[in-house]
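Take this structure first; my questions come after.
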Amino acid sequence: MNISGIFPPVATPFDEREEIDLAAFTANVTRYMETRLAGVVVLGSNGEAPLLTEEEGVRLVAAARAVVPRGRVLVAGAGEESTRATIAGARRLAAAGADAVLVRTPGYFKTQLTQEVFIRHFTAVADASPVPVIIYNAAPFTGVNLLPPAVARLSEHPNIVGIKETSPDIAQVTEFVSVVRPPFQVVVGSLPTLYASLCVGAVGGIVAGANVVPGLCVELYELVRQKRFAEALALQRRLTPLARSVTSLYGPGGLKAAMDLAGYRGGKPRAPLPPASPQAVDVIRNQLAELA
Amino acid sequence: MNISGIFPPVATPFDEREEIDLAAFTANVTRYMETRLAGVVVLGSNGEAPLLTEEEGVRLVAAARAVVPRGRVLVAGAGEESTRATIAGARRLAAAGADAVLVRTPGYFKTQLTQEVFIRHFTAVADASPVPVIIYNAAPFTGVNLLPPAVARLSEHPNIVGIKETSPDIAQVTEFVSVVRPPFQVVVGSLPTLYASLCVGAVGGIVAGANVVPGLCVELYELVRQKRFAEALALQRRLTPLARSVTSLYGPGGLKAAMDLAGYRGGKPRAPLPPASPQAVDVIRNQLAELA
Amino acid sequence: MNISGIFPPVATPFDEREEIDLAAFTANVTRYMETRLAGVVVLGSNGEAPLLTEEEGVRLVAAARAVVPRGRVLVAGAGEESTRATIAGARRLAAAGADAVLVRTPGYFKTQLTQEVFIRHFTAVADASPVPVIIYNAAPFTGVNLLPPAVARLSEHPNIVGIKETSPDIAQVTEFVSVVRPPFQVVVGSLPTLYASLCVGAVGGIVAGANVVPGLCVELYELVRQKRFAEALALQRRLTPLARSVTSLYGPGGLKAAMDLAGYRGGKPRAPLPPASPQAVDVIRNQLAELA
Amino acid sequence: MNISGIFPPVATPFDEREEIDLAAFTANVTRYMETRLAGVVVLGSNGEAPLLTEEEGVRLVAAARAVVPRGRVLVAGAGEESTRATIAGARRLAAAGADAVLVRTPGYFKTQLTQEVFIRHFTAVADASPVPVIIYNAAPFTGVNLLPPAVARLSEHPNIVGIKETSPDIAQVTEFVSVVRPPFQVVVGSLPTLYASLCVGAVGGIVAGANVVPGLCVELYELVRQKRFAEALALQRRLTPLARSVTSLYGPGGLKAAMDLAGYRGGKPRAPLPPASPQAVDVIRNQLAELA
């Protein structure tokens, strides 16, 4: 299971009644498949997964499967607070067509979630999952952090193929790459850290900006592969302002506004997540113009 | 809707296969109803709600309803990340027998969850809920905080009857009591802060320790009502060590171990939450002995 | 050494060149001594101690000593990052007239400052200090927290007479009172938590608001002593908005603006601390009018 | 003023009475000058600057000046909480021989320290300093963060030549490099992030590990300059474990123990900072053996 390259954590478009707009979703994914993206991640944070039902998740994965060819990788987010619900999700989403599942660390009972607990959790999930597992370490969302020694241990499991790290702590990314057992793969979850992470040995990125400017994200990846470092760094610098807007700054509302401006189908996030304000839309429009 | 007094956020017992043990649950709640507890909260954090399915939630509420008489208050936890799922939960749990719903603030997309967003969310939920809403502010779990001005605004809604505050910040509890519109009620979610909170105008507590020593928790509440402050404070001091063990220190595993030791039916939490270690069980046993 | 009652952490007025204005300082302290304040704290956070030199500290303590009668308590802030500098400060300030020293926990090397390290530090300081030591736990400023077991140990030292707790965590204040060895005294460092803290056994407060409305702060304290709890709580609620303005919200600049409005001599803080904005001054003016 | 390359933030050796051991200090610096280190930083965090007096600072800078030739850069730490004290320190240390001063952001009154306040502070310091200023952003110690827009503004000041960033947030380092006005230089303050930071355009590092293995730190820097990236990354991975030990993990005590093991003169830190435990010394010894 090769997860190198660039994946968009695809947004989930809704209609006016906040129901999933499968046609819009399929249209976006279809267009993404016309680029050199390595695949897509459905049911990620940027897909508003915490605001979706189980049944909606299955529909989205099945719809993606219909347009993601077998040569690309269809990853589905499957993290839940309990081990058993995570396993059930992995089975359900694999049955719906996922090639791999992305499993977020639990995060609610922070004082109880020790490194040992994480190791047991991911091991049990990986033992039971019919498809490979990618660990998702998302401290900015969950408030808990999976440390290098635990990741080293988990990298020995034959059904755990990699980790997505969302924090911008490059020392941690560097250590992950250093301590894991090949062919375990490290990818990052944040476009502003993509270039640096590729330099230290990460093999790709699951980055929100790839919903908006997939071609440029792939270009950054390929420039590094071709060792054209100065060009890659210059492109990284150009991409960072937009990358901030569609994640930390304006959230899913900002991401969807950017998609609308870039010719994809975004729309509004599900309540209570706010849509981008008119001021935010102006900022994003200018950032896109700079990239054109 | 009077939510004054003491409520246990009831634990959810499981059998050996991690399935809900409804008989054990019903036995516990039945015994609680033989005390002067004001009611129970089902599907709270201490009930491991984030690790339960929707269907399990309905079964637990219905089972509680069967043994909670109409003169006591049956509260059900209903917070989800989306407004629509929260509303659906409120309807589902009200239909199952809940007298009120306890609605946690969303917390996943922290940068997007402004005070204005929270006001819109709780207003929409309260507009649609068939039963009264109690806000649940749980910064130690969620990483976001609802501030006094927003609570003041929300206290004007006729279907929002109160707030449960979990943080130990007594300045915030004092301000909540001060700025809300009567008859809006403030209750606390932490036994170590119960006495002080009652002193500043909170009317009760939803406290994990009431699963273990309900009589002592009620006694503390009643001593304050009778203005026997010195005795109340002395009791608070005696209760605090156990209270720490069954929440922040040992989590749901510690709570359930304490219940087993106190003659209730606890068992083990659902994975990945760890059971109490033998050392933790010893600590808790000694704390219970001190209280006997 | 009795530290019960209310102390202002006195502000440090500066002239236009940012030099200490001893006349203004002396005028303020003289007026404070006409009230029933228990004494004053010189060189506290609100006195901008981190922005003063050693020599300025000595001058301020000596000036205060000249107008603080022996029946009141003159406390001087003496916390430094090293044990030896803290001891030197305690000796220097005792020689200048301080009755006791308030010693902040070190906080710079956060990962190295374990509870054991704090115990050694305060023990060494207390062994060497010619005057009694009051521990100052100031997590909002320092980012480190002294826990109840360490405070219990330190309370056995004959030259450590109490602790000032600045965090609003009432569970911690309650535990401090519960675990320390009498006659060790717990006081709080935040006016919004004063009433609740007195209810759980704290014996007083070192609160910025006492620089502005000393009479009302003393009245709150005395109402609790007289068990007139409803009146005390009502007064607490009235005081809280101003209390927020002169600390967390507008900092030393806000405190000094409030002093000017209340007839004391405040002025501007030392750079880079900003003076209160015109909007902040308006807010404070209205809060003072509400209290008149 | 060129600050590219590797600088050790030199440790401050003490004798048995915790007095500065100038002979040991001079011996260390003399040996460092026999390597290709770009210079030294005296009075940094790793030099225990917060535990030193003004007079000690002057002696250390003067002693360093005596052995640091003019072709290398002697930087002195000069950050204080007040603008005026920082300016006084810059003048004092320049007079003692410093080529540049490293000025930490103030951090005590966190709520008052806005980006605008930081801009005013550093501008005033740079206007008055007789030698160039290097900004020191040290969020892990100070709890406050200087953001890219403020750094962009400050980079236009002719007497501010660069910034040392201590956080491992590579997105922020990348943005600093991207937004500043040349010839403003970005250096990092953490060895585990050195390779990645050099890749994104940082020009050097002020790293604790350079006190212990200066040759290897310089080699890492030079490998990147020679575009021998794979070798540089491999060396980074080898250096990281030791780098963790001498900073976040074991603090100044760990750094000094490592220096002793590596043949430099370390000794013990000033109280209350703890010396490395025997277990820590064993860990460090093994890490050094791996690097030999």
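Should a chain be cited, it is by its letter among A, B, C and D, assigned in written order, with residues numbered from 1 in that chain.
Basically, contacts are C-beta pairs under 8 Å (C-beta built on N, C-alpha and C of every residue); 3 or more make two chains touch, one makes a residue touch a chain.
In this text, all values refer to a predicted model and were calculated from it rather than measured experimentally.
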| item | value |
| --- | --- |
| Taking each chain's C-alpha mean as its centre, the one farthest from chain B | D |
| Length of the line joining the C-alpha centres of chain A and chain B, rounded to whole Å | 34 |
| Approximate Å spacing (C-alpha centroids) for the pair chain A, chain C | 49 |
| Pairs of chains satisfying the touch condition | A-B, A-D, B-C, C-D |
| Chain D residues within the chain A interface of the complex | 168-175, 177-178, 190, 192-193, 195-197, 199-201, 229, 233, 236-237, 240 |
| Residues of chain D that touch chain C when the two form their complex | 18, 45, 50-53, 80-85, 106, 108-114, 117-118, 120-121, 124, 140-141, 143, 248-253, 270-274 |
